[in-house]
Amino acid sequence: MPFIPHTDQDVATMLDAIGARSIDDLFDEIPGALRCGPLDVPLGEREMEVTAALTQRARRDEPGPCFLGAGAYDHHIPAAVWDICSRGEYMTAYTPYQAEASQGTLQLIHEFQTMMAALTGMEVSNASVYDGASALAEAVLMAVRANRRTRRRGAASAGRETATTRVVVAGAVHPHYVATARNIVQGQGIRLDATGFDANGTVDLARFEALLAEPPAAVIVQQPNCLGLLEPVDEVVAAAHAAGALVIAAANPISLALLAPPGDWHDRGADIVCGDGQPLGIPLSSGGPYFGYICTRREFVRQLPGRIVGLTEDSGGQPGYALTLQAREQHIRRGKATSNICTNQGLLVTAATVYMSLLGAAGLNAVASRCHAQTRELVTELASIDGVERRFAGPFFHECVLDIGRDAQDVAQQTATAGITGGLPLGRWYPDLANCLLVCATEKRSDADIAAYRDVLRRILAHPEQPATASAPERTG
Amino acid sequence: MPFIPHTDQDVATMLDAIGARSIDDLFDEIPGALRCGPLDVPLGEREMEVTAALTQRARRDEPGPCFLGAGAYDHHIPAAVWDICSRGEYMTAYTPYQAEASQGTLQLIHEFQTMMAALTGMEVSNASVYDGASALAEAVLMAVRANRRTRRRGAASAGRETATTRVVVAGAVHPHYVATARNIVQGQGIRLDATGFDANGTVDLARFEALLAEPPAAVIVQQPNCLGLLEPVDEVVAAAHAAGALVIAAANPISLALLAPPGDWHDRGADIVCGDGQPLGIPLSSGGPYFGYICTRREFVRQLPGRIVGLTEDSGGQPGYALTLQAREQHIRRGKATSNICTNQGLLVTAATVYMSLLGAAGLNAVASRCHAQTRELVTELASIDGVERRFAGPFFHECVLDIGRDAQDVAQQTATAGITGGLPLGRWYPDLANCLLVCATEKRSDADIAAYRDVLRRILAHPEQPATASAPERTG
Amino acid sequence: MPEVSELQAVRHYTNLSRRNFSIDNQFYPLGSCTMKYNPRGAHRVASLPGFTGRHPLAELPASQGFLACLHELQEVLKAATGMAAVSAAPMAGAQGEFAGIAMIRAYHDARGDTERREIIVPDAAHGTNPASAVMCGYVAREVPVGADGDVDFEALKAAVGEQTAGIMLTNPSTCGVFERRIADIADVVHDAGGLLYYDGANLNAILGTARPGDMGFDVLHVNLHKTFATPHGGGGPGAGPVGANERLAPYLPTPMALREGDAFRWLEPADAPDSIGRLSAFAGNAGILLRALAYARMLGRDGMRRVGEFATLNANYLMERLRQAGVELAYPERRASHEFVITFRQEAKEFGISAMDIAKRLLDHGIHAPTTYFPLLVPECFLIEPTETETKEELDAFVAALTQVLGEVRTDPERVKTAPHNLPSARLDDVKAARDLRLVHGAD
Amino acid sequence: MPEVSELQAVRHYTNLSRRNFSIDNQFYPLGSCTMKYNPRGAHRVASLPGFTGRHPLAELPASQGFLACLHELQEVLKAATGMAAVSAAPMAGAQGEFAGIAMIRAYHDARGDTERREIIVPDAAHGTNPASAVMCGYVAREVPVGADGDVDFEALKAAVGEQTAGIMLTNPSTCGVFERRIADIADVVHDAGGLLYYDGANLNAILGTARPGDMGFDVLHVNLHKTFATPHGGGGPGAGPVGANERLAPYLPTPMALREGDAFRWLEPADAPDSIGRLSAFAGNAGILLRALAYARMLGRDGMRRVGEFATLNANYLMERLRQAGVELAYPERRASHEFVITFRQEAKEFGISAMDIAKRLLDHGIHAPTTYFPLLVPECFLIEPTETETKEELDAFVAALTQVLGEVRTDPERVKTAPHNLPSARLDDVKAARDLRLVHGAD
């Protein structure tokens, strides 16, 4: 019997000890009408058969070189990362509630918090939420709680239909992040107002000013933004703080090895930094499991959702680690918790911690620099094709929008058929940009990969446009 | 610097402590004339680049369904096997010379010895030699030492050109095993005389009787033999023992889950059982690393080459494990050791031990039965093709010789091009069998795989013979 | 940021790992958490390069393998829960709860029924239940659980009304017993216009024996990291697919996989205009879904039933052995489901020994402590869930260890109070951790 | 045969593993064994399905990837050793030795020079050297090593004659010093018609700085599981490719990879009529060869040189620190190569403490003991090889630990004699193990 160790003799002895005649007897408190017959699922297969069947499926999706980013990035992952994470001691432990039996995970999380705080320029970090998008949602809820002004307002209202609290989305923020945040916070009467981006692909400052007129609880800005471009974050922070709003920065952690950390933006920096940890040693894996990170300043730590590990001492005075500030969490505070999150993304935090340790600051910097260089190379090569040009002029990190002069969705499909994951057809997000591809090159893309893509794209674009495929306005995958 | 942790500061401090000005100074005892310039190898690459380059090569060899056995078998390996073996604690330890710091490896080997002894019907097992072929060579040397008659003779001679000792190879023994054994033992004046096989594909009993006329030190018999057939092992043992020869059995450990263990053959059974452990959880991997096993009866344990682990006690009276009978080994006995072997195949023994534990006796039996059933199915399906028929009629385990009526080497290449590893063209081993394929189906070959092979083979055979390819009399890979 | 060599990093994290308890090392009877064996085969399958390398936004021609798996898992979960449709988008149980409650809200809103402000939860419920309700803008209203472990039915009837949007229940409950009047509860809530949410954390108990869909639940989540054996990873990841009956299916979160003949595609907005939308940047914890699918396929029809059966057998055996050993059961008249509650209130009163002390001392025996102080309504309690993958020998060893500790409570209470004694750390000071917040290295 | 569930097996072997020391857990300065970091990246590459799935007898069209790797490794090893040709067939150092000596024999035989019966080995040589010579039918004749660690040149000259088939040497030797008169030795042996075999176990010391081929060696092996960082696996596997100069190249064992334009094939019997033939069923430890190739590529030209440099730096630093700490060096006037010998003869005489006692006590400090009692000619010795992948901090910690143990030898010798004290087992009884042979469970 798969995964069940009992011998017939065991079962007999155990039933005897219980005083039951059969296992079925043990279910005698379940009303007969609620018992179900055999489930409508196939018969069991052995590991060998399941492996064979799913290997065949996996083969169907085996990717060629990937030039698609848009929130998930194909970085090199040192083999040591997952060899370590796959150790049963990390992979098959539960949340470290029994601190003395969980010092491995706890110390590791403490190291993670340290590294993330250093990377973002913040003072504290949690131990992860689900992913970058849910991290943004949690950051919004946190900012609303943390902003004294909105907190007062929130306290006045009660129950379901509270007065609306506003949060401004500045510039080009990943549409899936905005949608997720919106879906998660709207029940609590929080509204997200978006500035959109201007002809430069960055925050429409005029609209931003206008949206600050009635001060929002917080402002969200993504750096680099979801078009790969650098937002004028100092201006955004200055204006937001002037309006009494907290600033939530969404940032790709790899980019922070090159760019100014959000903690250093303008005066006192962003107030909350969040994002997706996927670039730090986590495979693409169809979108997850990744992890969301949230860092902030000490003053807001009691509003931070998710687990936090603190250094403490044991009864012998030796240093040791434990979960702390648990009174923020649902298992203690229940309905009044900072968040409903319980299970988080611990194993991915393990991967990111090992990844960052293997690379160190210099290694992260080298990865980020190489991503930037390869993306420049990519853009140069692709823009050498007739009719392909950059859509926005400003500086980018490792993603760039190219106008290819015709329906990008169609081209992306052809590219895929040629074995290359060629970028995001931006029409899925912005109908105005239906002729645009968002392309990305990580350090993993060699010059040969880039040349291959250039040749494929040139060939595709040299042929007349195919009849329009069924339009696919938003891919939800 | 890859894999070197030193900072410049470390180097300076260390040189200072040594009193040297540069690292180069430390080589000042090497005559200048012997110093070499930069090695003629390429510049270093990062893990990422090496992974990419070798992944590309690996892809070129990615196999379709494999119907080739001939000493290496494509069994299903439960994922747990290598997840456990890859733990640093097993993978990056040295030989367990410091027993107290190696109880993990030592207890595991002791469990391995127990399981192998049970499987072969012997009393003791060593902790591996290199592979099945080298195990046979060591078994020959061991038998010559162990056989009192030959030992006396050996003692009489000395130095290089001793009198010749004979060992008889009975029936169809894997030609690579015989070649290896011959190459390894000939320096000590031991000659292997082969009976060959008769029209049934098994030992030519007449020639066998004749070769026993002057009693050899030992007789080698492989069960199932290298054509997949069952040898008359009881008769072989009876005749060999009657002639005062020891019996060396070479056996596929998976087959032992179904067949009589060599320890039970005829009267007192085989005296030494050896073979390759690859079928027990070890991937094909182009031929290695596998491991050779040797089991024997207690009376011969002091002639057994390779490491052996014994159960003992620690100073507190607690049970514990240690390498034992080390006086047999080269690091103690030097030129008089039972063998020159030092590094063995420990990690593969780890894999086999975990594999056998996961399967248990019932699981091994199920695998062996399924291999047999699928091979029968394979033979039925292939023999349904016009012009394809079994070459030998006797019972087989999981390999079978098919006569396909034309040059099998040519057909095997075409099959490979069609993405199927179709079996061994026996002309490589036996010119008389140039029209024969040795085919194998393990439990991993589904009915669909078999049908696919049947269809491919039918298609190939339906077309006229291609012009002969360059003959390849013996593939050495 | 550290600057170390590869060996130093490997050695550091390899050695650190050894300071953890885990399923692969220890018996880990953590109630409500279903710490069962996590098959390595499922891990390998999810780690295939075709799966790990697929970009979440890849075009459909390069996505058929993954979509086929996602669709198959949706179907398996429908069958196992008795629901009409499943979305595997939520990334853990709590997000599944959020999704389910948001769906309930969307349902009421769509009908213009906007005045329902309350979600009812039993006081034994997991903390995520009220927290999820509040996150959706509801007030969480608690109803008590009675002395027999079932919800106090009279109190429930009194609490239900036109302000009731719905109720969240686990069944078997976190008291380790099957809620016997579940059909009556469903009637009362439905009659008042409310809906029933099933917290699937305890599905392991009844897998293959009873289905929430048959009990009257409208919407539910399944913790794949519990019932479907995906590893807990020291805190996560999990996955919390939501299922719904016909009534609530239109509101399921996206993305979902759709089958069209032999091809698969994503559900598009046009297919699901009423969806509560996405809850993650991409498709949730896809890699976990693959592991769960592999596990489900290895179990198959009979294997699933056996999971519930043997989880129940193990729990009842262990409960009975402990009862015989003199341990006080919280619900002595009841069958255990896959877990059960014991209480040390007597030890606390007589010897000043807390459940936590006993938990720490159990660690010294190489056994992970059961869940402590949950459910909150039972004082000084353990919630014990052995799971079906443990042997009788392991359960017997637990009885022996706990018996020994309880002996020590009487003979050497100090030893218990100051436990653990054999672990890398002695008892850690939680109060200091919260008072002198040291959350990053170096800073103080 | 055990009959257990998957969880039980996984738990058993996971827990068992934790009773081992290993490179991934501890400093492991085992002299002559080169316990350096084994890159996980090399392990991953060798584990690719295209490599693990290839059948050894696969047809050439399905073998080009592997053959390209094998050929590339042969070329790398030629360059690193200064040899004309390399066969990667031997499965460990000892099999490489066997192959090399068999080649020497085949060479002499081919010339009709059949009366040479002796292979010379220094008394400091590893046990495999004489054992391999004997296995080839030779008599192993020992020559002494002098007080300075070099072979006694006069004794050597006296031993060499027309009965000499060849000599086996490591350089740097197992005394941890570079054999300075190697050129003279080569002349003496060659002049007598003998050949020189290089035992490559210590190649790590000189990688990129000096090459055996330039020193006059005719044939050699390289332990890939030492110099090329493939994991030792608790005893193996290794790989012992043999290299030969033009003279001996025709005798190399099969199989070997041949390049023809862009394609690769196996060397066929017709290509190598004089080969000593195969030494294994297939192509040796192919998976280990892949790991070594991946490692070699990551090192590259400069990385290889740095291996030798930093291995030497670490050894000389550690030797110097120990000298300063009052430890007696076996060859105090010499540079250390990548390893060096210390002796506790003083401690043995004064306190009755053996090198083994000290080794066991070091284990208590979480440090694997160095090689003990080898080379045999230095009494109560340690052969210490830190390797290039260890940090200065780790070396300093070793000095501190050994200093503490040596202090204990004086203050509390009993504690040292009865070590270890902090490990899963106390001192194990080797004598009992050999006397009461218990080699399988159950049987006695």
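Lettered A, B, C and D in written order, each chain numbered from 1.
One rule holds in what follows: a residue touches a chain if its C-beta (ideal position, glycine included) is under 8 Å from a C-beta of that chain, and two chains touch if they have at least 3 such contacts.
What you see is a predicted model, and the numbers here were worked out from it, not measured in a lab.
The most distant chain from chain D is C, comparing centres defined as mean Cα coordinates.
Remark: among chain pairs B-D and B-C, B-D carries the greater number of C-beta contacts. With centres defined as mean CA coordinates, chain D is found 23 Å away from chain B. As a whole-number value, the distance joining the C-alpha centres of chain C and chain D reads 52 Å.
If you average the CA atoms of chain A and of chain B, the two centres end up 48 Å from each other. Shared contact sites, meaning residues of chain A that touch two or more other chains, fall at 2-5, 46-47, 51, 78-80, 83, 86-88.
Residue positions of chain C touching 2 or more other chains: 4-8, 10, 14, 18, 23-25, 36-37, 39-41, 43-44, 389-391. Against chain B, in their complex, chain A makes its touches with residues 46-49, 51-52, 76, 78-79, 83, 86-87, 443-444, 446.
Contact residues on chain B toward chain C in their complex (touch as defined above): 2-5, 78-80, 83, 88.
Of all the residues in chain C, the ones that touch chain D in their complex are 5-8, 10-11, 14-15, 18, 23-26, 36-37, 39-40, 389-391.
For chain D in complex with chain A, the touching residues are 4-8, 10, 14, 39-41, 43-44.
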